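Below: one structure in structure tokens.
The letters A, B, C and D name the chains in turn, as written, and every chain counts its residues from 1.
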Amino acid sequence: MIVEMKTGASQEEIDTVVQRATSLGLDTQLNLGTDKTVVALLGSNTGQLSTDTFAVLPGVESVTRIMKPYKLVSREFKTADSIVSVGGVEIGGKRVVVMAGPCAVESEEQLMKAGKAVKESGASILRGGAFKPRTSPFSFHGLEEVGLELLARARERLDMPVVTEVVDPHDVDLVAKSADILQIGSRNMQNFALLTNVGRSKRPVLLKRGFSCTITEWLTAADYLLAEGNNQVILCERGIRTFEDSTRFSLDISAVPVIKRASHLPVIIDPSHAAGHYSLVPAIARAAVAAGADGLLIEVHPNPKEALVDGLQSLTPSDFARLMEELKLIARAVGRYI
Amino acid sequence: MIVEMKTGASQEEIDTVVQRATSLGLDTQLNLGTDKTVVALLGSNTGQLSTDTFAVLPGVESVTRIMKPYKLVSREFKTADSIVSVGGVEIGGKRVVVMAGPCAVESEEQLMKAGKAVKESGASILRGGAFKPRTSPFSFHGLEEVGLELLARARERLDMPVVTEVVDPHDVDLVAKSADILQIGSRNMQNFALLTNVGRSKRPVLLKRGFSCTITEWLTAADYLLAEGNNQVILCERGIRTFEDSTRFSLDISAVPVIKRASHLPVIIDPSHAAGHYSLVPAIARAAVAAGADGLLIEVHPNPKEALVDGLQSLTPSDFARLMEELKLIARAVGRYI
Amino acid sequence: MIVEMKTGASQEEIDTVVQRATSLGLDTQLNLGTDKTVVALLGSNTGQLSTDTFAVLPGVESVTRIMKPYKLVSREFKTADSIVSVGGVEIGGKRVVVMAGPCAVESEEQLMKAGKAVKESGASILRGGAFKPRTSPFSFHGLEEVGLELLARARERLDMPVVTEVVDPHDVDLVAKSADILQIGSRNMQNFALLTNVGRSKRPVLLKRGFSCTITEWLTAADYLLAEGNNQVILCERGIRTFEDSTRFSLDISAVPVIKRASHLPVIIDPSHAAGHYSLVPAIARAAVAAGADGLLIEVHPNPKEALVDGLQSLTPSDFARLMEELKLIARAVGRYI
Amino acid sequence: MIVEMKTGASQEEIDTVVQRATSLGLDTQLNLGTDKTVVALLGSNTGQLSTDTFAVLPGVESVTRIMKPYKLVSREFKTADSIVSVGGVEIGGKRVVVMAGPCAVESEEQLMKAGKAVKESGASILRGGAFKPRTSPFSFHGLEEVGLELLARARERLDMPVVTEVVDPHDVDLVAKSADILQIGSRNMQNFALLTNVGRSKRPVLLKRGFSCTITEWLTAADYLLAEGNNQVILCERGIRTFEDSTRFSLDISAVPVIKRASHLPVIIDPSHAAGHYSLVPAIARAAVAAGADGLLIEVHPNPKEALVDGLQSLTPSDFARLMEELKLIARAVGRYI
């Protein structure tokens, strides 16, 4: 952490900064420029310190963080790639793992049809929402507990691991009964009560990026999970909010190499929520695999025209089958397989 | 809602759109342009319908929403300004209501010192956080239940209503014992479980804008509260996330006149979280009153240099006293008072 | 264009809207909802009309554009893909065209080294900046006319077409002497004097997306070029400005399928300016080819450590050679070649 | 500038950083943390150095700029407020200067009507566009030279200084004949050829903020003007591009106190372009004066319903007269006058 003093800061003001640093167990080093003094704060924990701690002191112009605020998820903390293992499927290894299924579980028939179709085409994990956070109180909010039961049944019949979203911190155990991977949605990325409880559950987690959160904030949120002893964390980029309005969100493809550089956790891409339109999903999915994503989360509905939620971004089973063939070729081109 | 068909859409495709509209109880009207057919969907509930319902149909190029997705909070639903009454203080009337106090409750002494100071300067509601959502798991998270008790005691001794944040949907009753106004934080604006429970509590609510949510999404989230029968809702603008990095967030001053036009609910401004630096707070606070805000939420700490959270954006009691004098003059200039 | 009247708008107000529409040669159709009247404006030119024309009229609540504001670049105007042909290289066909070279032309030696290297690895067009728009007046601004001469010489010796930026509307002829493709930079996407002059030159153009412009604005800017009779237009996505700060800009990968759907023009990707760091360039470049981009614009410097501009985002010749091998595999996987 | 070395960087890599710094005339100081070495670069010109210069070197993890990239516009360079004097009107002093008039000059009658009205209500400078940059090639682009003549005539008859936009670097002298203040529009804030020529003209300049440029970039662009010896620079905030869509742009009210802290230049606000709707202009204008802006730039049209450009955001003369009365009260409340 670098503390830049104001031009003409007094010796007493500089001393106050040094004293506070010392009281926090930090070493300091003064850099005396021609006009200004800059105090470097040295220590292994400066990433976890608030810059405010020093910025509030008199005579301080600015405080700049050099160390990242996250820790347990960082490559510096753990060099080797982490692999999350779910019912025999490994996420973060050579295989590009495709998770697919309907946005919302609507009925046993719908879920089984979707599940069979995506399994046949090569998906290895079934997705489906039982609890659906919706922007309007007048929209369909999911089948809730009934949806969880249908997911549990589909998991058994199809012999596929299941990923589904948990929205209430007090529902973690309930959802964990039916799901192999607990999904934390974009709007809950900074719901710290939920992060803590999911962390304690020690179940594999799929942590979606908050649609307006930086990658640094995302990795810091993941630290909540790891701090509770849960290392089974999969990161999922799903588009960020920008001024562009031809897609629902702007998929941040660069997040893949940035995460790979900064963290040991696997990262997957959700092209469906970013695009908001089925016709854009295949191009984004192909790009994700080429960029090095460890997997995909794709919405597939047996009959998108009748979907209760997000039908426009859902692929039909036949579109999905075609896309999977394309993705297999790209996976091979980058030295992986699906 | 307006459905634009593709150039050359078939009669059958147009009929399918019309049939779906009819099955949903909507009237339709065809507009036959030279190249395209446009189907207008008419009905009182089209704002609550998903555009996907029609966008998924074959031959449809685009679907445009004309009606807003929110309803109960709108000026069309209720013309007259709503006034929220809390312990004798009216928010939304002629008085500009100032809520002030420390970001986090740290101790009885700190809270009482801050409370006394802000009351003397003219604040009418005491703010203070007991539960603090923090981006890092390694930061101070508030005194929690102890903090609530301190707030309850301060409320009694200072005879001031209290506003504090609730973060867990299951803590609503607990927090409601110590607080007159339940605050829903920016990161929870779309935590629908929390919105629903706070709605059911029927207690006055301060709903902060999600830092990446549009005004339309914000008003739609407020509809969750009103849909549960809770009309005691105060909206609070606190800055949105943009590319600008000289402030923590960019305060959207235009939100004040936009909300006044679109909704009957009172709207206040939090200059502290937007600015992130005490030196910027007074200018933004003055702007808020001049723009027509119904109140302010300002962080004041007896000793910002020792604050555990957000010290840099906290005013000292004497800076706050000076600001209040400035604000009184501006309130008078716009025909109000503090 | 859809004009929504206010609830309770008078017949006279509705008539005024209809009269203005009629005076502009538009047909109108009234849609009478239960609460409101909506006037649909029909005609082939409504995309080029300002919504203000009607929004200013009394009794109007809102005006919504259905037609896009661009015209000549749209798929509706021309169905078949446009192919831009430059010195025997076709952009927009089956081949994925790689344009590579240094950010700025620094010397004959540097340019020739870079040019030879990229040609050997399979690039077919040489890039290099002679005029460099820089955010600070104290930075290196390019060799200007000397740079153009060096480019002309390199073009001849290497037998490669050259792309370089033109920044001043009055330099179009000058730059066109040395360059096969005139590049309009991101900061000039809405420099309409420049667009007009480059349009009139009838030379192939590479139009970079303004880093804060929507795709719709980008296509509308391209209409300036086509309106002057210049159809030789290549679009280039180079990252947009968002809140994310781990990359210089956020590459909008979805722009590729969105453009392919909306326009007949070829679209390429510049991974270097988006990433801002050489280590992120390969992943983004691979993603671009997988998403369906028609080409790439990549910065390569014989010695990035000594580059005068943007060294951090430049690949070395050997990194570039390795990347080209990867890209060839991906191009093949999507049915194309490099 | 702070260079953070990678964990385990070699002594040779550290030496290379130090050598490059020394060769650029910088002093260095090594800060040896437990895990990492951090090299502080000291010198008076580090703000003007590119971070790439060091980031490209082997073993470097990151480079952080401490000094701002702008110089001549900074408060550190010149402590006292700059005042720009135009035909007897001082901008940057105690008076809040209102510049008003039509968006585009349409005719002599329109311009004179608008000019008389705004003068009567207390505006001291007349605005009007002769060259109009428009997003679509099919829109009205202004009367150009004829518009300049009309402005010159209005200036004489009304005895008011005139501000108008210049868009082409080669038109600076032409426009300077009719205008007292040369306006550089938002889309041209980084048109460096234009900045340089306007800088050389030594005429008062109104530099609008690029709608996607940070305040730091804006101040750095202003340095282009001052570097040519032109100190007569007025900054104008006019809204930035964000995800919010209820206004055309989001006015960044915090820019006022941020600029006042960072720079000695006067700063004014354009509420019209930010709002995009006349009904929102008064609230934003009032906020601007309360926040400490040195002036306002407001669009007024004698008959907005017939305006050729931006009618929706124009005030009528009577709305403007009413607003001016409100603004006078607020100016007085903050110790200024209009």
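The criterion applied here is as follows: a contact is a pair of C-beta atoms (placed from the backbone, for glycine too) under 8 Å apart; a residue touches a chain by one contact, two chains touch by 3 or more.
Given the structure is predicted, the values throughout are model-derived calculations rather than measurements.
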Intersection of contact partners for chain A and chain B: C, D
More contacts between chains, A-C or C-D: A-C
Whole-Å gap between the CA centroids of chain A and chain D: 38
Distance from chain C to chain A - Cα centre to Cα centre, in angstrom: 31
Distance from chain D to chain C - Cα centre to Cα centre, in angstrom: 26
Multi-chain contact sites of chain D, meaning residues that touch two or more partners: 212, 241-243, 245
Contact footprint of chain A on chain C as seen in their complex: 212, 214-216, 240, 242-247, 250-254, 256-258, 260-262, 274-275, 279-280, 282-284, 286-292, 326, 329-330, 332-334
Residue ranges of chain D touching chain C (in the complex, touch as defined): 48, 50-53, 55-57, 69-71, 133-139, 141, 167-170, 187-188, 190-193, 195-196, 211-212, 217, 220-221, 223-224, 227, 241, 277, 304-305, 307, 309-312
Chain C partner contacts - residues on chain B that touch it in the complex: 2, 4, 7, 27, 29, 31-35, 38, 40, 42-44, 62, 64, 66, 76, 241-243, 245
